[in-house]
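A, B, C and D are the chain letters, set down in written order, and residue numbers restart from 1 in every chain.
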Amino acid sequence: MNNLEMSDKAKPLLAEVIRHIHDHVDPITEEFYRLGEGRADRWSYAPGQLELLDGAKQKARDAGLWNFFLPNAETGEGLANLDYAYIAAELGKSPLASETLNCSAPDTGNMEVLERVGTPEQKERWLKPLLAGEIRSCFAMTEPDVASSDAKNIATRAVLDGDEWVINGEKFYISGAGDPRCKIMICMVKTSPEADAFRQQSQILVPMDTPGVEILGPMHVFGHDDAPHGHMHIRLKDVRVPAANMLWGEGRGFEISQVRLGPGRIHHCMRSIGQGEKALDLLMERALGREAFGKRIIDLGKNMETISRARIEIEAMRLMVLKAAKAMDTLGNKEARIWVSMIKAMVPEKVCQIIDQSMQVHGATGISQWSPLSHMYAGQRTLRYADGPDEVHHHVVARAEIQSFQSSNTRKAAE
Amino acid sequence: MNNLEMSDKAKPLLAEVIRHIHDHVDPITEEFYRLGEGRADRWSYAPGQLELLDGAKQKARDAGLWNFFLPNAETGEGLANLDYAYIAAELGKSPLASETLNCSAPDTGNMEVLERVGTPEQKERWLKPLLAGEIRSCFAMTEPDVASSDAKNIATRAVLDGDEWVINGEKFYISGAGDPRCKIMICMVKTSPEADAFRQQSQILVPMDTPGVEILGPMHVFGHDDAPHGHMHIRLKDVRVPAANMLWGEGRGFEISQVRLGPGRIHHCMRSIGQGEKALDLLMERALGREAFGKRIIDLGKNMETISRARIEIEAMRLMVLKAAKAMDTLGNKEARIWVSMIKAMVPEKVCQIIDQSMQVHGATGISQWSPLSHMYAGQRTLRYADGPDEVHHHVVARAEIQSFQSSNTRKAAE
Amino acid sequence: MNNLEMSDKAKPLLAEVIRHIHDHVDPITEEFYRLGEGRADRWSYAPGQLELLDGAKQKARDAGLWNFFLPNAETGEGLANLDYAYIAAELGKSPLASETLNCSAPDTGNMEVLERVGTPEQKERWLKPLLAGEIRSCFAMTEPDVASSDAKNIATRAVLDGDEWVINGEKFYISGAGDPRCKIMICMVKTSPEADAFRQQSQILVPMDTPGVEILGPMHVFGHDDAPHGHMHIRLKDVRVPAANMLWGEGRGFEISQVRLGPGRIHHCMRSIGQGEKALDLLMERALGREAFGKRIIDLGKNMETISRARIEIEAMRLMVLKAAKAMDTLGNKEARIWVSMIKAMVPEKVCQIIDQSMQVHGATGISQWSPLSHMYAGQRTLRYADGPDEVHHHVVARAEIQSFQSSNTRKAAE
Amino acid sequence: MNNLEMSDKAKPLLAEVIRHIHDHVDPITEEFYRLGEGRADRWSYAPGQLELLDGAKQKARDAGLWNFFLPNAETGEGLANLDYAYIAAELGKSPLASETLNCSAPDTGNMEVLERVGTPEQKERWLKPLLAGEIRSCFAMTEPDVASSDAKNIATRAVLDGDEWVINGEKFYISGAGDPRCKIMICMVKTSPEADAFRQQSQILVPMDTPGVEILGPMHVFGHDDAPHGHMHIRLKDVRVPAANMLWGEGRGFEISQVRLGPGRIHHCMRSIGQGEKALDLLMERALGREAFGKRIIDLGKNMETISRARIEIEAMRLMVLKAAKAMDTLGNKEARIWVSMIKAMVPEKVCQIIDQSMQVHGATGISQWSPLSHMYAGQRTLRYADGPDEVHHHVVARAEIQSFQSSNTRKAAE
């Protein structure tokens, strides 16, 4: 469990990914975003944007750097979670890199679910183009009117009417739903209100162009709408999808979440560490490059200690995420979930602090559009709610601690 | 020094301000911002906006709720800093209230400077319309290329050419410069590079329509541009103003800063406390109004302690700001500056934490445009740089502590 | 409520107290403790110790600096809580000063209780010699076997047998019970297990020499036994006291706690601030007086910011304690208890941090017997449990916040 | 570098150590300390104490559980740092376990130094009996009069007089020097004041019974003297030792520190994690076993989150210490020192917090002699100074970060 070394098989891939980012992603990043600026229609791509992106995607695919996220899949692709975690930390430093490898959220989770529980028809229709990077997808879980931290609160209803499910409800913060390439939504719905608390929910495939799927507008994160990807507010009004769109069977919504959430959270956390590294790098650059009161900023006050603490926290987080990935590889999703909750509760909070400290060293520039820091902060701050707020994950960890304490005491008593 | 009670004279004014906000500001706030949304030209007001605002301004003026910020002024208006501090906490809860009383930053500081050091001509030309609420103004201090935390770094040059100053340089985060009503800028410039470090700078009046004043664009704070007020990036290229536009005399830029900064920081801090109150209020509303895991959110985990700590911090900050205001009233700007640095280093940091905790209790809504919290956070986070970063203020406080320790030891030794 | 100025009447007293400490307490402190060192019988005073102390007490009494703690008393002595708070901060800097003014815990609380609710006979027998500083006393509340944070858990039983109460139970951390001059204990007991939860407890006077009162030994705080004062572990076995020893009446134990706890907590907190001042003073002395790596320690790393933050926190705590004292003076014990809980939850925690930072600057000396810091830390750390743990006080504050929020909403709704 | 798995060779040893502690150390611990209590001569062992200890030592030695700490030694004993780290975490849970395996500080460091740089005669005379557990030793570095955080400040002088070194100076916090079995001191002295800053110091062997070695008394840690082990204050007055007692050569004192400090700090940190585990275990036991306000304490307020955060921090620290041990095994002492500084700055601070939280949950018992927690706190708090204060280690880490940043930029620039 403590061998957190990357496999020999994967090591060259990491090197290739770093080279790919350096050669094919970094050079297009500035232009990609520049093209997208100041458009009247924020929910589309400007001419040239997708060409740039598709070029880099093709390069990655040609080099075999594709769909790394899917371990043990029938499709024969994918890396172990541990190996992928190393790569994800690199991807986290670039806003475009993940997509060029077809490894962006939320598609990775959606593909994993389809791969694990999809019917052959579902796979043919949706998994295939997703694996090929031809379409994108979204996942609709959170609702505006209830505390979604308790997933049992989900209120969007799906009722079977003949051989169709009829869905009514409202979802928000549906990331990626603004992208014109997004064609399919996996939607968490309540199908069986009278069943046990954990058997009332289902997950169902809803094509984005189904009548009744209405995008009400973008939700903002700290003032950013992240167009055209977007975090959309969606109303589902008498949306009808075939009964065959149900994933894995009615009442298995929670089970499916177990499948998707472990790896997804590891990816998030490892990319967060990439963000922490980037924030520290920017801090170093600024603190070494400017002077005030006759000294380099780095030599003022607590800045050296801030840097040390950031480095220590980053290394500690990295090892923890690698350990969670290893747990996922060796213990299976369910048993590994304590480790996943540990990193989910630990990493975004600490990375937010590191970014905040980097901002403080930058002065006013740090919160401006001239620096990526405020946008990075918004993204990490969001992760403290997304896929469960910190508080829920701390609760999972503490409950496991109680069980472990009690079973250890039982063991001692039995001696 | 510890009598922090509001004066009997001011108490009825506070009640009137609260009533004014309730009767005339709160009812127009939503419409004011709704009118401004989604405009192609973000740097102007929509039809109807200024009418709403001017209506509320007139109401305030008629009621004598006007220009409270200016104590001991020849104009006969203004409250003591202590009295005004109580009012500012109320103003801090509303984004429009300050302006309706003609008490918004940065105009308050600019008016105070003009009142204290302006020539009769300068007062007639600029102070009069400012006091009447007819025009607005900005203050240009921060520069993009140097660490402005050390004001000695200011690089914008003004050179006397005949009876005109010729100004060249670049400023950013010039708050309020985006407003079409902004007519005058007070600009910190370097006039005497060969003088003593604290006598090199001057402050000079630059009308916004002077040729060579070019607004390059808005700076963002966490993705917000705060249009049309704005935090503008401005280039000054061969800008020529009459020699008579110099304030107080060449080389007195630092002295003028002493005049303006004390009260301005107290106003900021007291409004920040209003923001902290509002964030706690929103937290309470959310935590009492939603349920998860079978309990009200307020009864989950550490939420009760979070609320208690927020209340304790708010009350402690309030007393500290009142004490700083009292120090300003009784000790004068210079001697009171330790107290001002204490609150400037204390308040925005803690208010940021309270807003952040309120956001966490709100879940995704907390960072969205459906809640004012993320915008409030951006504003408070900015204050941790504005008018000097926290670190500089901590340094001022610690240096004063050393002096006090040493003089006390000298006194003991002399006994 | 925000006039936190000392009264004109009390100001000269503060000056006299400072002079008294300087002239009569500081000069005997070192010798007092030196005499007590290394004694075989730790639970007595060495020859000469009490003579020193009594000398300083006589000086204080002669100067009228005596029993300040008891406001509005029939005895005609005592200061308002606000005035006393200023004096307590000075007392907090010296380990002996409080006792020389007959203002030490727990006697102050015991005297206040006797003054407020004692019968004439109880006052004659116990209050008189306490007010005269002839005997000392203790207060027995905490029990080893239950969570005393919930006072309803108190298990020590008192049963009426004829005209005597028969008491059985176990108490610990009974501060002052080790002192040979301690003659009387106020003991919290359960008298009416069948009554309402808050009417089951009573407080009763137990002379220390009553048969069955057995001191089992001293409890330590971080390795210190604080002999001969001590924090004793006491067993009460069939202890019989006259029915007339009951205070105020059966079932009023909780009511009596309300009387004693408010002022006592204010005294504790204000002395804590004195401790914080002393810790900061020691930090300054060390940081200015030593060098490492070619700089004064004060100029290394974050030390300047540490000093600034300590000063800011101390001033904020001071104002909060003054406000709580004022609330106690003007609102009465019951209504002021929210303010008391605020300072009780705020002050010892922050003072612990300041002492800890001072220790860190001292290096190894800071935790040694060469510095008072580790003993000061132990004392302040204990206060985070004594008279209710921080958590209970935070709960009180948060509950009050809920009530205030709800009544304000009710008010708004009614408009 | 990230394979942090214990070696297959060492795994059975860990199991045997756990069994040894369970079978032979835990059963004698209470009696060992009980025998030592309340003795007039605190600086000796009571009859029976050493017999108990020696019995357990013999058991360990017979089982081959002996001198694990010395990797790659000529003596053929010792484990890799990584393997030993796993064992040290177990040792950290028991106050006696380390010594029964002959693995206690400061002997481990002293033996390592003798093994690495001792002459054959020095080894025969001192290393042999130390390895056999027949004598104990101490290390004299810290001095009362200078900031020892900067080792260049060391003022104890050694002057060569013929074939003897004559030593004069004062040392304090010499741990283990109180033990009657302590026979030899390694003493850091200044031999060459005129040499380069890092070549002025030497380390020299001083038998404890050398005339002029005077133990002035014990230094306390938070009121504990830790007798008879002790942290002694020692004066060296004209102490004469043969020139052959010099270790490795004059002026190599700093080099020797590099040898000893890396492994020693790893041992400390790993035992600290054992302490953190024990504190969390005690917290769980208390919080699950008591009730207040109608709930188990664990279900009150923030306690569940406290537990989760403690678990997360412990796991993160464990991985970091294992990584530092691995770095020590694979990169050598010098290159690994950044990792060692990282854990030295990280671990004791966080473990102090965990112990403090456990104390808070325990109420008054937590700071009493009925719980090991306050003694554990004192020990961990001391580690924040010992072997360099946190601040110095943070400085080392930050300086390495600067170097790494600059060389990476140079590399990028060269591309």
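Rule of thumb we're sticking to: a residue touches a chain if its C-beta (ideal position, glycine included) is under 8 Å from a C-beta of that chain, and two chains touch if they have at least 3 such contacts.
Small disclaimer: the values here were computed from a predicted structure and weren't measured.
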item	value
Of B-C and B-D, pair with higher C-beta contact tally	B-C
Repeated interface matching A-D, over half of the contact pairs identical, chosen among A-B, C-D or B-C	B-C
CA centroid of subunit A to CA centroid of subunit B, Å	38
Rounded Å distance, subunit B centre to subunit D centre (Cα mean)	53
Subunit B and subunit C: spacing of chain centres that average the CA atoms, whole Å	43
Of all residues in subunit B, the ones touching two or more other chains	301-302, 304-305, 391, 394-395
Residues of subunit D that touch subunit B when the two form their complex	301-302, 304-305
List of subunit D residues in touch with subunit A within their complex	1-6, 280-281, 284-285, 288, 298, 304-305, 307-309, 311-312, 315-317, 319-320, 322-323, 342, 345-346, 391, 393-399, 401-402, 405-406
In the complex with subunit C, residue positions of subunit D that touch it	142, 144, 146-150, 153, 172-173, 219-224, 290-293, 297, 300-302, 359-360, 363-370, 374-375, 377-378, 381-382, 384-386, 389-391, 394-395
